[in-house]
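Reading through the structure tokens given below for one structure.
Chain lettering (A, B, C and D) follows the sequence in which the chains are written, and residue indices restart at 1 in each chain.
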Amino acid sequence: MGGEVVIGRGLTLDNPVGAASGTFGYGFEAERMGNLAGLGAVFTKGTTVDPRPGNAPPRIAEVPGGMLNSIGLQNPGVEVVASEYAPRWRGWAPRVIVNVAGATIEDYVRVCQRLDPVPEVAAVELNISCPNIAHGLDLGVDPRAAAACTRAVRAVTGKALIVKLTPNVTDIAEIGRAVQDGGADAVSAVNTYLGLKWSSNRGRPVLPGAGMAGLSGPAIKPLAMAAVARLVAALSIPVIGIGGIASAEDAREFLELGARAVQIGTANFYRPGIAAACAAELQNGRGAA
Amino acid sequence: MGGEVVIGRGLTLDNPVGAASGTFGYGFEAERMGNLAGLGAVFTKGTTVDPRPGNAPPRIAEVPGGMLNSIGLQNPGVEVVASEYAPRWRGWAPRVIVNVAGATIEDYVRVCQRLDPVPEVAAVELNISCPNIAHGLDLGVDPRAAAACTRAVRAVTGKALIVKLTPNVTDIAEIGRAVQDGGADAVSAVNTYLGLKWSSNRGRPVLPGAGMAGLSGPAIKPLAMAAVARLVAALSIPVIGIGGIASAEDAREFLELGARAVQIGTANFYRPGIAAACAAELQNGRGAA
Amino acid sequence: MSPVQLPENDLSRARDEAATCLGVEELGPGLHLLTLEAPAATSAALPGEFAQLQVEPGPLLRRPFSFSGVDPNRGTVSFYLRVYGEGTRKLAHLSPGSTVRLLGPLGRGFSLPETSGTSLLVAGGVGAAPFPHLATQLLARGERVRWLNGAASSDQLLPTRLMPGGLAPSVQVTDDGSSGRQGLVTDALAELLGGVDRVYACGPNPMLQAVSQMAARLRPEALVEVSIEAPMGCGFGTCLGCSIPLLLQGAPIHGLCCRQGPVLAADQVDWEGLRRQPAHLE
Amino acid sequence: MSPVQLPENDLSRARDEAATCLGVEELGPGLHLLTLEAPAATSAALPGEFAQLQVEPGPLLRRPFSFSGVDPNRGTVSFYLRVYGEGTRKLAHLSPGSTVRLLGPLGRGFSLPETSGTSLLVAGGVGAAPFPHLATQLLARGERVRWLNGAASSDQLLPTRLMPGGLAPSVQVTDDGSSGRQGLVTDALAELLGGVDRVYACGPNPMLQAVSQMAARLRPEALVEVSIEAPMGCGFGTCLGCSIPLLLQGAPIHGLCCRQGPVLAADQVDWEGLRRQPAHLE
């Protein structure tokens, strides 16, 4: 456990530990801080066609064992990523996989088209958990829409195609099968869980608007493990496990459960360097400690 | 906050704090331990047509901030509840609401029919989160099945009818609307979240079978609050909030969010007396402390 | 549903008190004696009953431990702990003066004799925990008490000084022979059963089963009681998490360790069912 | 996307070290001075920069605090803390000898002058935190340093003894007049601005805005820098949680407090945007 893993369509990672989208920027902060080497993959912040400023603050709130975020996909847009960021990834040890977000299938297609000829982009990960898609449903909660999006992107990219699933569905295996049929090379799971934190002082939610945000961190680990177990049982393509991983032992549990690789998210915030440390620990077989 | 609350169809609670199903037996343990007085309601263990021995051990496993359970609805069957337990509830201060479970709609109808003439039963709460229903779907994840079950029970009981919703669905508000249309007087939410705990030592899940179990406790509070917020926004009938409540302040947050009443579950295990203490604290306005 | 027929403990005796740690003494590798000032428990706890202890900060659920020593004069109870996971580790490192919530007494303890005779206490490892209190109570009733104390090695034996004075000659066995005789408790059991009226055993399930079988064969007239463990969510009968396989009139049922146990007559236990349980429920 | 154009801190200077608590001194109601042995931070931390501190057991995320005092001889840094919630409460009760992970230095600090002149430090309450270190560094560069120290009441003022010796005559104000003059810092500001080259301010946002406006009006030639707070998930630019409203060439943008701040030129801040934020982001 801990060595090279094959995801598919030419995508091989030196080791099974990646940093999760939205928790590692585009890798440059970790590069400056010396936390890049040893990682299997960097999954970038969700990237859209046009630059997005993100939501108004506050954007994060802490809860026991986790955090809520409603960042609003702040990112510089695919053009900056492809032309300015990608050249800086040249020579990096971890594969860089761009997480792609959008409001319509057309958005995903355009971002992936732009990334297709960029050699430093090892793969794309479609974050299909964005609201305001056809039929008033999230793309990621409707098997037909999820499959259609996967197929449309499949048609425009030769890169390995990972689809990242939302856990806020009745049957995650159904969505997983749909994107597998749509041509995904792998799925990653899970994205954040819908949560809310209330402030009695203010008589309203802590975060703006209706207060809905995404829960991540150790609190979701048992839930994420159940989701990954269902996917592993239902799919033939690899499953990349995500959710509350904060140690090599956590990572090992997902891998033993059947995940081909894992991503570490929130833990990067409070333990910078954790992802690379887990990768090393798994490789040295000290993960059981 | 903290005084009498009206749920509907003649069901009024002295105060908004109840003990959640499966965490309080049929109230007799709390009676012996002196933890009954002051509670608004006791929601009993899920009760089925026939006695059930429950699952083989182990049945519970702890995770950070919560616990997983797969008890398997161990209960003495409705006949014992109606004929032996109910008379012992006479004169109790909290209303006793029987939680009802089954594998088919017919099961729910039979249990509620048997309970209908029993005066000590203040209301029924349908736990529609049980697997192996028509179409291979849980009753509680299919709006049509949920509505049909509610309607069928509505036809055989004059008691207040609360439907308890599972959070393991794409859109809990849709299920809530369906059971509201089916004649529910209130909904309660949430039941447990699907989770799994892995044991690296044993190379398999800690709990038997595929290891799937229900997550409860403080870890689920932000998730439960999001679910309750969606129900409050979508429904006209009262919503009873459940999930990770472990203090009067937690209870107050759900009530401020719009829940009519709350239930305390897992916390009863590690803080016996917590439910009654929260009720008292809300009534005395010390909940904000 | 079964529990109605098997006797259950009386929950009205349990109190949830804020106990104060007076100290933790290390007795061996990972073995500790935790002493708590807990006046309510002191005056109520009977041998074989247990307490649910909560450590804060620590795991969410309380952890069950048998009352090991009870000192009514000082108002203290003590627990003989083996460090296993987070909860026991935290308890073993409690500082004097810190507070632990203690819910107890819970469960059904050992049945104490009305008339005096001879009792044999059989301990495996940390299973010796309830025996200091049990031996004290038995001696107070004029019982003759023999003690068969077994463990993997010398440093894992409950120290004899924790037992009351006045025991009949007792035997120690260790798997590795580092103290007393070398072997398993069952190797020494046969010769000790003669003339015994009561056998009380606590330790790993396979040991309990072997002791029960040997006692039934060699000393069928003796009462045999064993103390069983199960993961506990509450300790007082509401979570239904502590299910253990029991026999009711010979038929297998799901009993509750926390209310029908932890101490059970050997013939109430479904030993076959217990053996099928995952090993960590040992 | 904006951040590319505004200057950001150099993350390669940050170290994640295991710091040892040397002690916590109570300075007022809910106000504490935490001293940590943290050699790496000691040699790197510049005034206005901050550290992310992790307490275990404690909240999941680290908490940001400005370096308050830095003692290169002892290898220690100190933090001036106001108890606010769980994290600060735990930090305020750390026992000497316990370990705290410290990630830092982070953020952009105050710009230190190349030529000597006069600096005015304006503090509101716990906002005085970065000023002992800042004053020390300014004095070392031959700067004349005046200090305007304000708080709600006497016992909430940063004690003068924490500031280095050699300050120019300074002024204290309290809302209730319990120490120094009665009033707000802005009441005393006008008379102190004369001849000032640099104004450094830290405190509640409304105070910062008022100070910035008054300085721009009465002393337009002075550099004005303010230290702003935001909830932080990481402290080093990856969570995008610490968004604050800034101005880039006059246009409102979402800046990152942890990398473009926490210290910003007053005219880089979108004060209107800040005012629209919920009050708890004060």
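Definition applied: contacts are C-beta pairs under 8 Å (C-beta built on N, C-alpha and C of every residue); 3 or more make two chains touch, one makes a residue touch a chain.
Note that the structure is predicted; figures quoted are calculated from it, not measured.
Colleague: Using C-alpha centroids, which chain lies at the maximum separation from chain D?
Modeller: Between chain D and the rest, the longest centre separation is with C.
Colleague: Quick one: chain A and chain C, Cα centre-to-centre, how many Å?
Modeller: Distance between chain centres: 49 Å.
Colleague: For chain B versus chain C, what separation do you get between their C-alpha means, in angstrom?
Modeller: Their C-alpha centroids are separated by 35 Å.
Colleague: Would you please write down the residue numbers of chain B that are in contact with two or more other chains?
Modeller: As it turns out, chain B has residues touching two or more other chains at 64-66, 218.
Colleague: Taking chains as nodes and touches as edges, what kind of graph is this: line, ring, star, complete or other?
Modeller: Here the contact pattern is a line, an open path with two ends.
Colleague: All pairs of touching chains, please: list them by chain label.
Modeller: Result of the pairwise touch check is A-B, A-D, B-C.
Colleague: For a test of understanding, state which residues of chain D touch chain A in their complex under the given definition.
Modeller: 1-2, 4, 10-12, 14, 16, 54, 59-62, 103, 230-231, 233-234, 236-245, 253-254, 276-281
Colleague: How about chain B: which of its residues touch chain A in the complex?
Modeller: Of all residues in chain B, those touching chain A are 63-66, 68, 141, 168-171, 193-198, 200, 203, 205, 210-212, 215, 218-219, 221-223, 225-227, 229, 233, 249, 252-254, 256-257, 288.
Colleague: Flag every residue of chain A that touches chain D in the complex, lowest number first.
Modeller: Its residues touching chain D are 22-25, 29-30, 32-34, 45, 51-62, 64-67, 69, 71, 74-77, 80, 199, 201-202, 206, 208, 217-218, 266, 268-270, 272-273.
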